[in-house]
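Handing you this structure, nothing more for now.
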Amino acid sequence: MAKRKINIRLSDFPNSTYVFIVAFVLASVIVPNFFTPGNITTMLTQACVMMILSTAMSMCLMMGCIDLSLGGMVSMTGVIIAILLKNGVHAGIAILAGIVSGTAFGMFNGFVVTKMKVPPFIATFGASGIAQSIANTISQERTISWEQGSHVKLVNLLGSNILTVYFGPRPAQILSISALLLITVIIIAIVLVLFKKTTLGSNVYALGANEETARLSGIDNVKWKVGIYALSGFLASLAGMIVMIRTNSLQPTVGDGLEFQAVVAAVLGGNSMKGGKGSVPGAVLGALTLYTVRNAMSLWGIDTSVVMVVIGCILVFGMMLNQVVNSLAEKRKLYRRAEGREA
Amino acid sequence: MEKLLEFRNISKYFPGVKALDDVSFDLYPGEVHVIVGENGAGKSTLMKVLSGAYTADSGQVVLEGKPLEKNSPKISEEMGISMIYQELNLVPELSISSNVFLGHEIKKGIFVDKRAQKKRADELLKDVGIQVDSNTLVKNLGVGTQQMVEIIKALSKNAKIIVFDEPTSSLTESEIRELFRIIGLLKERGVGMFYISHRLEELFEIGNRVTVMRDGKHILTDEIKNLSMSQIIEGIAGRTIENLYPHTRKERGEVLFEIKNLCGEKFKNVSIKVHAGEIVGVSGLVGAGRTETVRAAFGIDKYLSGEVLVQGKKVPPGRPDLSAKMGLCLLPEDRKVEGLALSLNIRENSVISSLKLLYPRGIINDQLEQGQVEAFVDKLEIAASTQEKLTRFLSGGTQQKVVIAKWLMSKSRVFIFDEPTRGIDVGAKSSIYELMDQLVEDGAAILMISSDLPEVFGMSDRIVVMSGGELVGDVDKQETDQNAVLHLAFSNV
Amino acid sequence: MQNMPKKRMAARLCGLSTVIIMVFVLSLFTVINGAKGINFLTASNISTIINQASFLVIVGIGQAIVILVGGINLSMGAVMAFTTVLCGGMLLKGSATNVLVPVILILGMGALIGFLNGIMVTRLNIPPFIATFAMMYVCRGLAWVYLRNRVLYSLNEGFRKIATGRLISIGGFAVTAPMVIAGTALLLFYLILKRTTLGRKIYFTGANPTAARFSGINTERITILVYILSSVMAAFAGLMYVARLNSAEPGLAGKAHFEAITISLIGGFSMAGGYGNIWGIAGGAVVVYTIQAGMNSLQLPSELQTLVNGALIIIAVFVNQFLMNKKMEIENDLCEELTVQKAKKKADKGMEDKG
């Protein structure tokens, strides 16, 4: 065996890669107008929020925790930014306020999980109500909109398109990359780099696999858990900002149910609900899969309620597909071990 | 030679219990100092004091002549003390090099220098003679290699003292050889080692000195060459254990249990017969397929072809509930995860397999239940507790007894024991052997998987050997010896 | 022999953490309302609270049993809507069919859906969170598809009695049909869970599914059965909800599964499975509705209620855990002492026999 083969295993790519490819190809083939620059743009822009949230969720899950308050935090931070804008505060400060409040709320989650020792599911489930309720109270349960003016210039800038490529005259042939999409991609890229190239990744895996091991290796469990929850809150506030800018107003219930979709995206992407396993790219691909399906179906003219049914079914099939890929990878691993003859 | 470490009059109290009582002994560089004692003797507590996980209530730990004023897991690590526990502290989804440097990564600013880590990890692996690439994920390694990773982890922190806690209980024979070879290397480099083990035979092979502890007290410390096995056993148990392996059996009856040509993913064509009143021991290296075979026979896993028969009747595959109904039972390797519900008490665990027998109509009767369980608690001498005690708080030996009680209550006839005395001290071991002997005397059939050759030879009537997933030997105990069995165990690897 | 009876009482008290929370919340609101001159603790108020709680209890039981085996059921609200919407036509006032027919159909559909949930969780190895989430989407979607924007209203009078019926009035306290139904359901499930072998198997499966399998329990069967029961209870709750609202619509009970999880948590159930007392559901429901009534009486905005509920979950679980740990400690001590006593008795007896 003198030559070094480059073995690319099936399991090197996150599971959701295959599901996404299948979904995307099917959508492109079956639904007319899906695979057009204009539509792809729309789909990607719609998926921004979920891509960020599933990134946050996947890190929580890998650490052996969960954050069910993501949706509530999106509502809360969105409301805070919007209400400040409405009251004439400069956009930069408003956004900063949103980010700070989101991060602080995330730290609160971390505190409840580590110091009060309440299980993550329960702690963030309760926190979700608190966050949403704060959003409702501040907004008086009404949609918030703001007037144009010099203070919202930043917001308008962020809402505009950075890059526009014309493949033709009609709207469907225009590829426009908005600042929001760019921000999303940059944020996710930064998180990925931090995850792979700093101790963030290994510590998260260690905490999720075995807390005792992590503790004995000198990893400060408390610091890291609070940190990841704070990061979650930070990402949620960015998502809140994106929603607000995209719809140019903010409904206080905008975050309703988002955390559940984030869990689904993350699990579809190979993250285990028990922790220790999974990846961030997997979760992002999971989010893209969900939005591909949703977008394709509504483009095809299918009623929202039918889309719900279809997504439910696809979820089940996606999980089954994951299993198949996993067991194939297991079998190949066994093969390899038998050949390699390890001690 | 200067002492590397000294325990001086260490005492530690917990509410109601004196865990360590004025313990003193020492360690020299390059020495393998074996520590033996029953569960609860204080060995782990003492090591936790050493590692800084616990603080002693009185006494001192003196490292290279200087008393350790403050201690914590981080401090002890910095001072060169490394602990290798039985439950390996590795992260399966990370590579060897990531695991080695977990918590003390080589950094460039905030970024981890993965290249430098890989280089160093590869060096360390080469140093101890292991041929694995340090980018391999730990989950893809065998248990023995994983343990080696723990050792180079310790070496990467320039450990002066390494504590091994039950290192060999899940290793194959060849992995144990590897481990001993590396320990030899460490000896040469002047690393001082504490080695805790229940496998008394290993003492003589690997140890320089031995310390016996009992009930939190230090009983004796001496060079191993000055002591005999029975002296050590006496020190541990505080009494002489004459016949560790009782053998009061008589002739065997008909075939109660038969595995016929069983084929599964990890085993092929396994055929074993067990008669009433007989114990068949199953020897072999870890990975030979023994546990996989019995799991498939009991129904936990599926098998590809073959048959399993109890009293001549076929056992439906893949249905442990039906196997149990037919009188077949399995006492699993990992009793905490597979044998008991730790959050429930002794009573609830004991009756769970005999609910139909106890309550034919399905309605619970507290008094009846308590009475029945009490009878078994007495019979098995689960003396140290009441029924209502949560099994999580019991010692390994007592937990195993509860698992046995569970199947006794269900009136099973065929018992499959998978490593019945792993991690159990000598005193409890002997009472479990007596139980097994009693079972076969009453006509049950026992199939016993064990990696403890003396145990296999002590308890079995017949010995069966598996190697590389196949059955390679089936002999009467009288017609073979430990060497022959070992040979067979290696024959198909 | 340090005061064993006292210790036993302390352990008992710790086990009643939900009751403690309930009493605390009731007292709190009585006092605050009293300060404002409002009499909160009236028979009719309490009766209202318990009546409202009864509806949620039915859903709660369905959720709690699934939590017991270590799972979760996010599809409950959707099942409530779907089953009633599909057969709602037959429940209408002027309908020709006997009201029993839709009732049985609805319960049957609940069982079928529960069966599918169970299969996904056991055979297909899909985590309960995902499986029941998918089922929720499917059921909710189908409910909307079937009924579109229509609403079915004006239901059969006799049928509505299960939600509106009043049996007797003692003082100001009215005993209503829902109370009786909820009470019966609680009693029934209590008996099944704590006094039958099936219940034992359920608890054991939740506590350690691997060991349960090794011990000869057919964990697959038990799990599927629990999911079936859960969705049957969801369907039953659906019947009660539509009876109360006098209409059936696809948007029914949008948050029911969350509320059910809330009261299970307050009621002392552990999300990990294997622990929890079904009566805690009643306690949890009473707490939630006491807070609602109490806050309404003080004229506090409803947004604040969500906040209080959220904070309450965290506090309640914290208190529950704390008391449960204390209970285990005390009981362990008691065991130690009993053991010492036993050993002494044996030694004494040994001495007697010799002497």
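Letters A, B and C mark the chains as written, and numbering starts fresh at 1 in each.
We take it that a residue touches a chain if its C-beta (ideal position, glycine included) is under 8 Å from a C-beta of that chain, and two chains touch if they have at least 3 such contacts.
Please read all numbers here as calculations on a predicted model, not as lab measurements.
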Q.
Farthest chain from subunit A, going by the mean of C-alpha atoms per chain?
A. B
(Q) Going by the contact definition above, tell me which chain pair has the most C-beta pairs touching. (A) A-C
Q: Just give me the whole-number Å value for how far the CA centre of subunit A lies from that of subunit B.
A: 43
Q | Whole-Å separation of chain centres (CA-atom averages), subunit A against subunit C | A | 32
**Q.** subunit A residues touching subunit C - in the complex, by the definition given at the top
**A.** 112, 116-119, 121-123, 125-134, 136-137, 141, 260, 263-264, 267, 273, 303-313, 315-316, 319-320, 323
Q | Of all residues in subunit C, those that touch subunit B in their complex | A | 194-201, 203-204, 207-208, 210-218, 274-275, 328, 331-332, 334-336, 338-339, 342-343
(Q) Give the list of subunit C residues in touch with subunit A in this complex. (A) 74, 120, 124-127, 129-131, 133-138, 140-145, 250, 258, 261-262, 265, 271-272, 301, 303-307, 309-314, 317-318, 321
Q | subunit B to subunit C touching residues, read off their complex | A | 16, 300, 319-321, 323-325, 329-330, 332, 337-344, 348, 351-353, 355-356, 359, 362-364, 383-386, 388-390, 393, 406, 410
Q) Which residues, counting only subunit A, touch subunit B once they are in their complex? A) 197-199, 202, 205-206, 209-210, 212-219, 276-277, 333-334, 336-337, 342-343
